[in-house]
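Same chain, two partners: subunit A is paired with subunit B first, then with subunit C.
Showing the complex of A and B:
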């Protein structure tokens, strides 16, 4: 009798919850992040300061200071790849933003509820498709002899284009596939922005102007800017590391027509096996991504409320 | 001269009819209030006048021009919304200037108009602020300012005061009334608050379930309600209703029977006697403020249930068969719950309604 009376008092109120409990909950996530994110980044940072060619292990991997960085910054191929990547970015982004906005505006219009929810669901399909698969689809679409692209062109009387073996054709092909994959993302982001505009504010504007363009420019656009910033940041980061789709479709060719920066880095790292230089390139890319993101946020991002 | 005319306006969403045929005309400069309980269609009706809601059938005229299918911006109306609906990213000045800019007015004129509106509404000190830095009352004034700078033909208000606290609400009510007087503009105002309707309106349109119950000046609605709905809706506290039966008719003298009446019956000299028959149900309406305590020949004999002192007056709740009877009396009568309560009323203040609820 007496021990049943004392045992609740002796029992610790938070049994099973100790000093280290929060740590155990955090550990799996932190560990995973460390293994797949932080460790490789640190490894790349360290490697970028070494001569690290894995085909010549006998020479060892000595620290050489900033020599890799100097090599990268004086490498004209690096700069032309970067320029090509920038050209790719400024080509695809306006198309994606314009088409995405158009789709979002159409979906935002009242009426046709069932069809619109169907359309919203189908928007997710390209987003859910793996880059490599997009590349494979691209290879099929732009095949010279049996591709859908040439078949569609022949309907309008245009001769077959050898998409993937010409410089401009290959670039156009990867642009089209990227637009296919990312326009729905822009549309969804803009649609979310449009639905944030309070109904009464839109109505107040409709009483003051009948111009749809003025409504878009003065009332809806402020609500779209945060989404546009997000799109620009995500897309610039994504284009800088865009690899699988282009690699599967063109391997960077023909010549250097689609030799985007990530393809070039892959070649330096895993064809030439100069991991030191490749790491330096990757770190420079990371810094560039951060700078661009900060710029976008500084220049564009505005809270509406 | 008729300025705003609604001709058998109907609205339905699919099979659900929301507005079931409303016809109505307002004169230039009139202040019209749409009033009714939630869901009666008053806001839908206002939004149809603005063009924000399509008209299912019927015709709508503003200033002699048919605008039934006209775009909202081309109707030359302005609207003040319940949520104020200010453009959050624009300053107070830009909010008010937006409509003029869209109309491509010269910059000097825009500035003059906005400053004039700001002066009227005492917003001069706030012109550079963003809406989020304003209080509810200030936002509401900006919303009103935005609607007056354009000099619209018609002002529409959609429950503009319901987001404000009680004190601010009565203050803004006075400001809107003053504004109406100084601008001389035609205004249509939607509210569920019968006090706002009574104090602001030149004419009130009482709506219920998509139909007009009665149209008239505030005093007309108060003095001669067309039916029990209007009688119960206009006036605060609500009118008391007693469901009596006709006990006898002798010429113009009508005798009604109900246990609540002193002596079980109520005899009245009324021309309505001819319009009813023996044994017919008659609803007797008595306004709380017309009932007087301790009158010489009482009409009602009741027991006091509860008394609420409002300071200057007292609200009495009396037990009866059916709904409790409420009386509003000046001063503080010396009564306790359970005391006998006799209430008198002038015969001219007794309202009679037939079985369908229509005034007899």
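Showing the complex of A and C:
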């Protein structure tokens, strides 16, 4: 018996087993992503080679070669914005990894069943909170006059800080809100890593040594490393994307203290309406992102290759 | 009964985790029940007589209720489309080997990484040219750029776990691939499809940048309206926090439902 059933009711035997069958299933999704993803990207690429300021339509939108790119690459604001984004990344990442690991270890430790399940469930809350609303909450918490952050500081005898109107204060405030929102992400990833350690190996190691640090280093660490790689790469992409929370909290200010790259490009595009320059910046950001996601796939999806 | 210091520390640590994760959320909800005077008091008050005034005001405000309806329309339609387009693609990726498969993977997953500002600029210009600016449709379409990859990933994973024997048996009965997809994969993959739909919904409900750029008055979504309160001299804090609570509450409940899959959804399955 072959699998090419030929009942008379079937006009076409082999129905749906041809070489092109996958295409029929894939085509709708691929075509859609092409129209909404690739086509606009090509449009942005074309725009990046034009002078395109929509507040001055009389000048037309002439092609100017690489002028926008030259302008962007020699624009010190663009570089300082990228640098600030990098500074933000290297500030939040260690805090999130350290806190996340501590939380994961607390959740992995045997005992305290009910409290542990409660803590495990509450971790989801920051992750689901609308990013813009996180910014609104930040505005309330870090208000100089009636914010709870200054109330907490005063308990320890520190004077009120004008968080959102000073350069360092605003940067610290967005760091704290980002740490709040994304530490649970690290914790959940590390917790998944810890639970991959085979039970008998962990038991044996616990009998061998009473040192928690030795256990962590020699037994658990290998299982945590893939998660750490994922966190490092995904967080870098997320920081390049970061817009909503910071836009609501500080609009990139005061001055340029929180002017992360996505905020900066948004301002060039939609406040100054210099879409040619903004497109060139966006294309450069896209190239950076593609490098990052190549890295992610190379390191974490071994099964695909 | 003696409680060892280790256990005490463990309990304290876990309590600290719960307080850390819930505090900003709690602070928003509590502010939503405060009068303006209570909110503006310095130092902030922790105990107060709750009022429902803020909620009464935002539900009477057609701007807020309209925005929530807009958010619902956009998130629901785009999620449905993502599932309708994504599930068949997931079937192909789970069951067939073909040239360019890994490239397709790469492309799908890259979409998770790309900053919305990259697409917001050209889509804004294209939307002006096509008259789609400030319509539900443009948001629904653009949200598919991040929803489709999520649906495709999670559902492919689910489809791969369906035993091939079932398919073999159906083939022997003369079922076409389309029938197999409809009668075997869709029902058995339903849990994965549901999880991916919930994630799509959460991400589009929460989105701000595209909505900010691509809408004007008619289809402002809830996050856009919530942020629009943030201008002027005397900020209506109670209303802002009540709106925030109304926005966050439904997605939090959804997220609790899929909490076991949260990591998978956020990492595109790179870690289990």
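As a working rule, the second predicted complex is superposed on the first by the 253 of 305 C-alpha atoms of A that agree within 3 Å, B and C clash if a C-alpha of one lies under 4 Å from a C-alpha of the other, contacts with A are read in each partner's own complex, and residues count from 1 in each chain.
To be clear about the criterion, contacts are C-beta pairs under 8 Å (C-beta built on N, C-alpha and C of every residue); 3 or more make two chains touch, one makes a residue touch a chain.
Because the structure is a prediction, the values reported are computed rather than measured.
After overlaying the two complexes on the shared chain, residue contacts for A:200 are found with subunit B alone; subunit C is out of touch. When the two structures are aligned on the shared chain, A:216 is found in touch with neither subunit B nor subunit C.
Of the two partner chains placed by the overlay, neither subunit B nor subunit C lies in contact with A:95.
Of the two partners, subunit B and subunit C, it is C that touches more residues of subunit A. By the touch criterion stated above, A:184 is placed in contact with subunit C alone, subunit B being left untouched. Of the two partner chains placed by the overlay, only subunit C lies in contact with A:192; subunit B stays clear of it.
By the touch criterion stated above, A:36 is placed in contact with subunit C alone, subunit B being left untouched. According to the touch criterion, the shared surface of subunit A, contacted by subunit B in one complex and subunit C in the other, consists of residues 304-305.
Residues 50-52, 71-75, 77-79, 81-83, 85-90, 98-99, 102, 132, 146, 150 of subunit B touch subunit A in their complex. Partner subunit C is touched in their complex by these residues of subunit A: 1, 3, 5, 7, 10, 15-17, 21-26, 28-30, 32-33, 36-37, 40-41, 43-44, 47, 54, 102-103, 106-107, 109, 111-112, 115-116, 118-141, 145-148, 150-151, 154, 177, 180, 183-185, 188-189, 192-193, 196, 226-227, 230, 234, 237, 240-241, 243-244, 247-248, 261-262, 265-266, 269-270, 275, 278-279, 282-283, 285-286, 289-290, 292-294, 296-297, 300-301, 304-305. Within the complex, the subunit C residues that touch subunit A are 7, 10-11, 13-15, 17-18, 20-22, 24-25, 27-28, 31, 39-44, 84-86, 88-89, 91-93, 96, 98, 102, 104-126, 141-142, 144-145, 148, 152, 168, 171-174, 176-181, 202, 205-209, 212-213, 222-223, 226-227, 230, 237, 240-241, 244, 247-248, 251-252, 254-256, 259, 262-263, 266-267, 270-272.
Listed in rising order, the residues of subunit A touching subunit B in the complex are 198, 200-201, 203-211, 214, 218-219, 222, 302, 304-305.
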